[in-house]
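There are structures below to look over.
Consider the two complexes below, in which chain A is the common component and chain B and chain C are the respective partners.
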Partner chain A sequence: MTSRVTRIGLAIWFGLVIVFLLFPLLFLGPLSLNASEILSFPPQQWSLRWYRALFTDPSWSGALWLSFKVAILVTVISVAVGTAAALAIVRHRVRGSAWLYGLSIAPLIVPGIVIALGMFMVFARLKWLESLPALVLAHSVVAVPYVVVVVSAALRNLDETVERAARVLGAGPWQTFHLVTVPALRSSILAGGMFAFFASFDDLIITLFVSGALETLPLRIWNDLNLRLDPTVAAAACVMVAMSMAGLGIAEFARKANLRRLQTEPDHG
Partner chain B sequence: MLHLNTDIDISFRNAMHALISQSQQSDGNSGAPIAFRGIAKRYGEVDALREFSLEIAAGEFVTFLGPSGSGKTTALNILAGFVEASAGDVLIDGVSITRLPTEKRNVGMVFQSYSLFPHMDVRDNVAFPLRMRGVGQAERRARAEAALAMVRLSGFGGRKPHELSGGQRQRVAFARAVVFEPRVLLMDEPLGALDLKLREAMQDEIRLVQRRIGCTVIYVTHDQNEALAMSDRIVVMSEGRIEQIGTPAAIYDDPRNAFVAQFVGETNFLPGSISAGRLRLGGTNVAAAPPMRLGESWSGRVALRPEHFERATERPNGPCIDCIITDVAFHGGSFRYVAEADGYGRLVVQEQRRPDREPFQVGQRTSLSFGIEQAVFLNG
Partner chain C sequence: MLRKQWIAPLLAAPLILLFAIFFVVPFIEIMRVSFSGAGGVMAGLAWLWTSPVVGIVFLNTLQLALSVTVICLVVGYPAACFIALQPESRRGILLALILLPFWTSVLVRTYTWSVVLGREGILNASLIWLGLADGPQRFMFTPLAVHLGMVQILLPVAILTLVGVMTELDAGLVRAARVLGASPARAFWHVFLPMTKPGLVAAAMLIFILSLGFYITPALLGGPRHRTIANLIDLQVHQMNDWTNAAAMALVLLATTIAAVAVLRWLVPDRSLYGSAR
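Our next item is the complex of A and B:
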């Protein structure tokens, strides 16, 4: 009897949490479809003009394109660095690999503002601020840990004798890596890359400190909010939310599927 | 069931013929001799393997048998090139392979955990060693199919490893290990993850394929039944040392020490001594002549297999032991008894089932005898 009450109570609580989390979306959706020049709720007339503005207004489409470009570069760097780090940590058991693991995921724990401030000071000294490489590098610092965490988890589930089997059956170390290790981890690498992409794509804090005149989409939204309130903001926000949900959903699905497949191998020993 | 087995046997044989005619076309495939020369492996303070020397003939089936930590897998991994020896040399076909990387050693290998490539289908898994050897696509496919037919998995080529049962996966792993007709095949507890029935069926299959292909096999296991059933020779190991090398019968009948006697088969140990040329077992004088080689004075243990005991008759074939039966277990063709004997302790006895005699009952007093020539006298 109590369990029934508890269950209903929990269901209500769960519903409230979901509503709370989705609350901004309940406003943003209608706002972005509002035909009016000013942000008003509820909308009087419906229109897609702000979505059109997002993709045609150079200040918005430029920001979207820059964000995309940065995120792609960050993804490439993070996948390469993160996968290599995971291999070193899990497979080659380099000296102090526990420390290496801790160090490589530290950016997930250190507050973003601290990292941003540190980046700002380093890049200011190097006179690198407001450059694309600086922005990509700064984002990569917080994106690499996602790849390390996801890929090293999958690598731990990939029985080492699978790679040994490849070697003994005639594959050299490099062939083993690209014919066996990487394909076996493909979905996890893809998932890690997705997480890295969005770590960069929706970052504001680090961008605020490092990028200066280079306006990414989150920074464009931020600047817009400070000046005037243009409904394109709502459209941009909706596009970001949709992309994140789709991308991270795919990533999570791929990661789980990969782990499941690797775990069908029996335990060793 | 019987019908099914015959069917399988015929398709199996056909597939084997296909495979063998192929191998004859290539280079008259046969096993290669292997030599371990004074191999040692130390991990810090621990000797995983010491003074390991062994000559294996071409086409021989040799089993490394021992408990975990005995060094059997270390020896195999040194041969495969996964582990570097601290000292010594390994030769295949008279050529040292110690400096060769794993992929150049040209040996097949089957692992306990199957270790199939999870992202490749069964056919690509089996064809992998051929692909690494530059075999063309069409031939690769044909040979992979032949190898799959050999392990009775025709039609499974398109499946992924995670869609197969444990037994099927191990057969794929076996096909993959022999598809390139290696002259040396290494097997690391390949049946350890399978259940008993499947294990016995696979033992026969492995032996059959090995005999026909003719490759030299090193087989690692901790299962003495497996070792006795499959091997030409067994290398019994413990704590990094070789305890005894011999044919299964030699190791069973004439274990060199108590470890081997205990680890291979079941053994009863009776305390024994000789003084002034007279044999005593468990404190009782025995009217039997001890082996001459032990001399006038000796003390140690006498090992007897469960099947060495007989019911004592009026004219027993050797020493008699009075005992009381404490447990009876039916084993199909035989009975296994546990008996408590004064002065000797617990004895395990095995007796063939025969229509002309009643089995013992729990609590029954009886007298057992054994032929002294079957006893193994062990020092210490």
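Our next item is the complex of A and C:
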């Protein structure tokens, strides 16, 4: 179907698209290493002072630490809640499991601002604004869908006869679960957990509405952007980019590898 | 496996509990607040009808979502074709190039645009250095800036969805059309393009739905003159302290989103729409 000219044209187009997608990010590194107060490009002098500020200035390092703490808690909760729900949906086919799946991915479709506004109004009445547990659970609502989607996809590919074999050979339900099901799903659970971590770590909108004075890293950046352009923002942005590329790279690799492994197991029936 | 009657509800219980308190109750609260303003049950709705700002912002949001969707499809389709035509072993790396920006936080990506497009930004510095402009041009707080930012954020969604469809379809049909004498252009228009239609529709609706709720990018790059519904909701809560209007606005945004989802489900009945995005 494709002539040489078409193929070259498509390759050039693809190259331009990649440049467009990546090019703004390429400036982050040099900007964060700029010694001067003013954002100038290219930098006249290089320095690590903004990274030092990020890790030593209490308002920045506190925000970074809070984001970490919240995201770790969100990951633990989302993995537990999401994996359990995926098991209920795929393995037990509870009545209304399609409905349950729909509910669990709804936060991906409903605009974040609507969820944030609703939570804000509820939290305000219950005096939950500025509460760390409430912030963690609020983030969990937008993080759980990733775990449910990734883990239930892997569960669908996992051959149920393997689990049944374990039961026939005398393993109890719990033994089967943690010796057969969990190891088979391990990398998908890891991937879902990574997605959940960054759903929380990168979140701005929900935090903006419900966190009160609790300042996460995205909120710290946001508050700074509306006042002045502090180059520490560039350093913080660089750290976020590096973290998400590494973390989600691992997650995507694990998810794909898991699905492939489950699919290549011999067919029964 | 655990096959007892009570185990499945028990497994689903934590999610249902979490979502009931932090997802369903907030919705009910939005409904309640939007119909219980100081000016009576209909105060929120009346405001929607009478305020000139709401109409402008609503249309602005729809128009923005629509144009971003069209741009993403037009730019993304050939790029997706390119990936789909590569041998499978090479696709992984090409997809990774699309996924890298996709994984980066929306706030960070929007921030980088403000650095590029600002008054003392990289673009202006380059234009002046090249002698193409005498002084700094205004790029920030223009529709151009908002479109650049949003397309950059949503383009990966278009490409990933389209590649998913293109790699699944039967390439033999295109070859058959060629063998039977169709020109490459004809084979593309009459065989390849129609086969990718479900992917196009799915990508279009996904991007449209996601664009409707955009908050960060229009706020940072569009400024006060190019607000979206999401920005107006934020303004009502944080500046005007008017929860009734904010809740009424949120209902409008929600209704528009649900309508778009309904159209999507009607046009593409049996596809796992989130299979390829993340």
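We take it that the second predicted complex is superposed on the first by the 267 of 269 C-alpha atoms of A that agree within 3 Å, B and C clash if a C-alpha of one lies under 4 Å from a C-alpha of the other, contacts with A are read in each partner's own complex, and residues count from 1 in each chain.
Keep this in mind: contacts are C-beta pairs under 8 Å (C-beta built on N, C-alpha and C of every residue); 3 or more make two chains touch, one makes a residue touch a chain.
Worth saying up front: this structure is predicted, and the values here are computed from it rather than measured.
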Check your understanding: Does the chain A-based superposition show chain B and chain C clashing or fitting?
Key -> fit
Exercise for review: State whether A:159 touches chain B only (first), chain C only (second), both chains, or neither.
Suggested key: first
Check your understanding: Looking at the overlay, what does A:167 touch: chain B (first), chain C (second), both, or neither?
Key -> both
Exercise for review: Determine, under the contact definition given at the top, whether A:72 touches first (chain B), second (chain C), both, or neither.
Suggested key: neither
Exercise for review: Would you sort A:262 into first (chain B), second (chain C), both or neither based on which partner it touches?
Suggested key: first
Check your understanding: If you stack the two complexes on chain A, which partner ends up touching A:108: first (chain B), second (chain C), both, or neither?
Key -> second
**Study point:** First, second, both or neither for A:190, with chain B first and chain C second
**Key:** neither
Check your understanding: Which angle, as a multiple of 10 degrees, do chain B and chain C span at the CA centre of chain A?
Key -> 100
Practice item. Return first, second, both or neither, reflecting whether A:53 touches chain B, chain C, both chains, or no partner chain. Key: neither
Check your understanding: Looking at the overlay, what does A:117 touch: chain B (first), chain C (second), both, or neither?
Key -> second
Exercise for review: Compare chain B and chain C by how many residues of chain A each one touches, and report the one with more.
Suggested key: C
Point to revise | First, second, both or neither for A:11, with chain B first and chain C second | key: second
Exercise for review: Compute the least Cα distance separating chain B from chain C in the superposition and give it as a whole number of Å.
Suggested key: 8
Study note, to complete from the structure: Both chain B and chain C touch chain A at residues 164, 167
Point to revise | Contact footprint of chain C on chain A as seen in their complex | key: 1-3, 6-7, 9-11, 13-14, 17-18, 20-22, 24-25, 27-28, 31, 38-41, 77, 80-82, 84-85, 87-89, 91-94, 100, 103-115, 117-122, 125, 137-138, 140-141, 144, 146, 148-149, 153, 160, 163-164, 167, 173, 176-177, 181, 195, 198, 201-202, 204-205, 208-209, 218, 221-222, 225, 233-234, 237, 240-241, 244-245, 248-249, 252
Point to revise | Parts of chain A lying in touch with chain B, wherever the complex brings them together | key: 158-159, 161-162, 164-172, 175, 180, 183-184, 186, 261-262, 264-269
Review point. If you look only at chain B, which of its residues touch chain A in the complex?
Key: 80-82, 101-103, 105-109, 111-120, 128-129, 132-133, 161-162, 166, 173, 176-177, 180, 186, 193
Review point. In their complex, what parts of chain C are in touch with chain A?
Key: 1-3, 7-9, 11-12, 14-16, 18-19, 21-23, 25-27, 29-30, 33, 75-76, 78-79, 81-83, 85, 94, 96-101, 103-109, 111-116, 118, 120-122, 125, 152, 155-156, 159, 174-175, 178, 184, 187-188, 192, 209, 212-213, 215-216, 220, 230, 233-234, 237, 243, 246-247, 250, 253-254, 257, 261, 274-275, 278
